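Each structure below is given as structure tokens.
Two complexes follow with subunit A in common, the first pairing it with subunit B and the second with subunit C.
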Partner chain A sequence: MNILVLLHSLLDPAGFTINRRAQKVFVNHENYILNPSDKNALEAALQLIPSPVASSSATGEGQGGGSTVTAVALGDSHAADALRQARSMGAHRAILIQDPTLKQADAFVVTNVLRGVAQHLGDIDLVLLGAEVLDADLAQVGPRLATALDWPFIADAHAIAPSRAPRERYRGKIASGKIAEHPNGGNHRGPGVAVIVKQPDGFHQLTADLPAVISVAVHSNKPRYPHGRAIVDIYRAPEAVEILAAADLRLTAADLTPLVTRRGESFPPERELGKRLEGGLDEVANQLANVIRMK
Partner chain B sequence: MDIADLSALPGPDLTAENCADLWVVVPDLNAASLLGEARRLADSLGCYVHAIVPDESLSEQAIARGADRVHPAPEAVACLATQQPEFVFFPLAHFAEAARLAQHFRAGLITDARNLSVDDSTRALLGSHPVYGGDYWVDVSTASPVKIATLDPRVYPALYPDPARAGEVLPSAVPVLESRVHDTGLVVYQPQPWRPLTKAKIIVAVGNGIKDAEGFALAEQLAQKLGAEMAADRSGVDFGWGAEDRLVAVTGAEVAPELYIALGIRGDTYHNAAIVGAKQIIAVHANPEASIFTIADYGVVASPKEFLPKLLAALD
Partner chain C sequence: MDLTFSPEHRAFRRLVREFCEEEVAPRAKKIDRTGQSDPELLRMMADLGFFGVPFSQEVGGLGLGETGYCIFFEEISRHCASTATTIGAHIGIGAMSLYLDGSPALQRKYMPDLCAGKKIAAFGLTEPNAGSDASGIQLRATLEGDSYFLDGQKMWITNGPIADLIFTLAITDPALGARGGATVLAVEKDWPGFKSGQPEKKMGLRGSPTSLLTFDEVRVPKENVVGQVGLGFVTFMKTLDIGRISIGAGSLGGSQAALDACVRWAKARAQFGRPIAHMQSIQFMLADMATEIEALRSLVYRTAWLVDNGQPFSREADMCKLFGSEVASRCIDRALQIHGALGYSRDFQIERGWRDARIAEIFEGTNEIQRIVIAEHLMQEVGVRIRP
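Our next item is the complex of A and B:
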């Protein structure tokens, strides 16, 4: 199984404070972290393949028994750092898409870039990404990518396992826009995936054919700590992260034009503290129940 | 969580000229507050509010709460893909459908939109998206021919239902889309528990004085008997008696349980500072000079491995 994982690096929330009076975000320490649910997505990918790169091979070749985990990120040095973290944890390849035209990329542009990467790599079976992105409206990239690639999408997975999916027509559409023929012909049982998601009434198991796009729920697993040796070797090797530009992905200008533009920041009003609920006990209980339901 | 396969539908032909009206997906009555927001915007724009409801039973309610035209359709996205909406609102829970439609229509999507407004000249949808869990909002605008937003029903007040409002119910022939994701039903699943130490009532913490796996097993037995959480101090984590998320220290978790039992923990300043909030501290350590005894309510000078079997027997 070949897995593509999308990573996003963002400003560490522990490093800034909000000053509502000045209507500004004050960055005290400019630290960048990997988006937490992206880390869970990476961990889910590493758990799905038989043997991730455990040690110091900077180019990640020759391991994994034919399954690979490729991490991809858009941006510059912070994204490259996130990719090196992913390599140290065991990803076989890391691809950085670095291009000045992507500075204002919104979810639509990120989706198109990722579609370009999946087509460039050619044999991706599964795309994993975090279910929530802390600092931008990018959680929509998952379903958008599924539509762009014409693959099924499952949101907020808690556990993923390979399985045989129910009989369905194979609809892979990776290579050049033509519907790729599955080697077994139509109406077969192909490789699939079984995913556990949380719904209001409990955990459900969903199945889908591969290839698919799945977003991984935050805190659904415990991301592994990279081996110290791996960190040293990956950070020392300049070739640990491959760099591509938008031109390498054969994207059109329309693909790279954002549909949503950022105007600035605004700050929601302060919480009102010290509110008293008046009335008899039954009434107070009802009011409190409403307050709780609104949460 | 209904994901429809849109590739079977004809591609959209949407430009600024042939898109009109505000469409709202109302899967249940909770989402009715979206109609209020839609009504507000539609009144300022002078366009109709269309509501898509799962079946006829919600039509009256939708009209009473602000819709002009109601379209019963089991799959909202299938219905929308055949129309030419200018604005589409989805409830927050259906973000995946909204994103799929947005990609199909080549439209901008604002998730969890707040402070919505429409620019008069460009007809762009302006809104804000909360980031960092709501710490602040990022203001965005989208000017594509179709503009889609997901709204949190809890944040928007619903209009009082007005039974006198008039509206039409328009049945439409909606293509049935096959879902490629199959729900096989409820399963029993125990997620890896993330039990923050800070919420535990009773904690059994081990340090290097626990000596070996045998001693650790005894500590685990004690924890099980008391219904306690296992934890470790820095020496315990370093020697493998606990993972990093079980660390009790100023750099790890600061805990304030009803009862804290420290086994084989010498008690350095980082650890001791983290347990000042505990109601009662019991310490077991072989070394009588250990600083844990200065802050413990009850101290036992003994090797935890020797003492624990006696303690376990006494607790039976």
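Our next item is the complex of A and C:
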């Protein structure tokens, strides 16, 4: 299985505050982090393949028993750092898409770039990405990419496992968050994945044929720490991250033109304190019902 | 003069910081309360290569040098001084003597296991009658055939109760005394005649096991001599020299943690209608702490740079230990004052920091000894040899 994982590096929310009066973000402490659910997506990818890269090989070639995890990110030095973190954790390859035309990239452009990367690599079976990006993200890239590639999309996965289950969905309730064996062995269409997603009424297990796009829920796994040796080797090797420009992916000008124009930022007012309901049980229940009915 | 850390050092610091915040910090209180090191935590650290940070990759370490080791020690010391001391004694003085002066054969025998954390090291110098006066040691190693027989005691040995490999200094030629007739020997804990005593009950560093070691005619093969016979004192002094820098790094971490706690507290705690951050008395204390910490940071990492670049560092190393231990004591004491009653409560970690910091002025060569040695360096430059 060859997996592509999309990573984002962004400003740590713990380091800035939003001043609603001034309608501005004040950066108190500038610190860049790997988007948390992207890290979970990377961990999910590493758990799906038999052997992630051992620490010593700076290029990651020829390892993993035929399965590879490739990390990709758009941007500059911070994105490159996120990619090195991914290599240190065990990803075989890291690709930085670095291009001045991508500065204002929106979900449409990111999708086209990712489509280009998947086609450039040629043999991708699975694209994993974080369920949400902590900056101004609308979680569009996953479904857009799946549509562009004509692959199935599953959102907010809590667990992923290879599966050869039949096409139809197993609409059962899963007591724990763990993948269950499909009750009907049956004839199958080819390699697939079984995915646990959380619904309001509990966990559900879905299956999809590969290739597919799946977004991974934040905190759905515990990302591994890189070995100290891997950190040293990867950060000392300039070739650990491959750099491609938009031209290398054969993208058209239309592909790179955002659909969305950013005109500025505005922040909603502080949430007001709630209303206190008092009285006996029936009175409170009535008041609550009225609040819900918005009377 | 390029004062930036290399990319791998920055990335390594981030790894250690995240690991400490997730894994070490939640366990620190229990480690102190129970007086037990946490074996699961130590195993996790060993699995990430943390037991061999400064040692070359050829012998199984990470190859991050003294700079990497100071980074590592600083970050751990922010959260748990006991855990830092356990690993510090293992890397900084235990395995270090083997790394500095051990023969290639002896290094091949033990360094890979030490770097992988499969064996824990201890450094055995101090005795009941030999502390600051290290030349007063009495542990005796008598050569018979192709083995030495060790007889005597060591005291206050960090990792004594848990060490698999003890690097110890013994007198091999009584006529020449400690300075010319002592030898470093690597002793395995399972050899007959070796015993470690009960862990000492201490004010602080309670999770760092320390004990008496007894050697009752322990047979040590000749190949386990570290360095040269008769020159063990030199090996051990070299080892202590380099170990002092990491004490400075540990003090730096503890001081920084104290300052960070004070800054957060000054924001959160309001009295007389406003956060205490707005009071000059608090501001002055914070500014003094921050300035001393910045000075210590420069001193520690510059000294680590001297080591990694093959330059003399002995005088600066003593300064790291001397200045670091006193900065840490001052910072944690101010932190206790700023936190007030909360600082005094055992439910918060300020009092643990206060108890843990104090020993740094005593062990690894008391600050009095550091002052004497620094003065010796100074006077030597004008041709005066101070008699001890």
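Methods note: the second predicted complex is superposed on the first by the 249 of 295 C-alpha atoms of A that agree within 3 Å, B and C clash if a C-alpha of one lies under 4 Å from a C-alpha of the other, contacts with A are read in each partner's own complex, and residues count from 1 in each chain.
Definition applied: contacts are C-beta pairs under 8 Å (C-beta built on N, C-alpha and C of every residue); 3 or more make two chains touch, one makes a residue touch a chain.
Bear in mind the structure is a predicted one, so any value in this text is a computation, not a measurement.
Looking at the combined model built on subunit A, do subunit B and subunit C fit side by side or clash?
clash
Who contacts more of subunit A, subunit B or subunit C?
On the superposition, B touches more of the residues of subunit A.
Check the residue A:227 against both partner chains and state whether it touches subunit B (first), subunit C (second), both, or neither.
second
Applying the touch criterion given at the start, work out whether A:88 contacts subunit B, subunit C, both or neither, answering first, second, both or neither.
Second partner only.
For A:266 in the superposed arrangement: first (subunit B), second (subunit C), both or neither?
It touches subunit B, and subunit C stays clear.
According to the stated criteria, A:70 is in contact with first (subunit B), second (subunit C), both, or neither; which is it?
Neither subunit B nor subunit C is touched by A:70.
Just to be sure I read the superposition right, which of the two partners does A:236 touch: subunit B = first, subunit C = second, or both, or neither?
second
Run through 41-49, 131-139 or 239-247 for subunit B and report the one that clashes with subunit C in the overlay.
239-247
Please write out, lowest number first, the residues of subunit A touched by both subunit B and subunit C across the two complexes.
Shared contact residues on subunit A (touching subunit B in one complex, subunit C in the other): 225.
Can you list the residues on subunit B that touch subunit A in the complex?
Per the stated touch rule, the residues are 1, 3, 5-7, 95-100, 102-104, 106-111, 114-115, 126, 128-144, 154, 180-189, 191-192, 194, 244-245.
Would you pull the subunit A residues touching subunit B in the complex into a rising list?
The contact residues of subunit A facing subunit B are 13, 18, 25, 106-108, 111, 134-137, 139-144, 146-148, 150, 152-155, 158-159, 165-166, 168, 171, 194, 196-197, 199, 201-209, 219-222, 225, 259-268, 294.
Would you pull the subunit A residues touching subunit C in the complex into a rising list?
Per the stated touch rule, the residues are 81, 84-85, 88, 225-229, 231-232, 234-236.
Going by the contact rule set out above, which residues of subunit C touch subunit A in the complex?
6-8, 10-12, 15, 18-19, 47-50, 53, 57, 62-64
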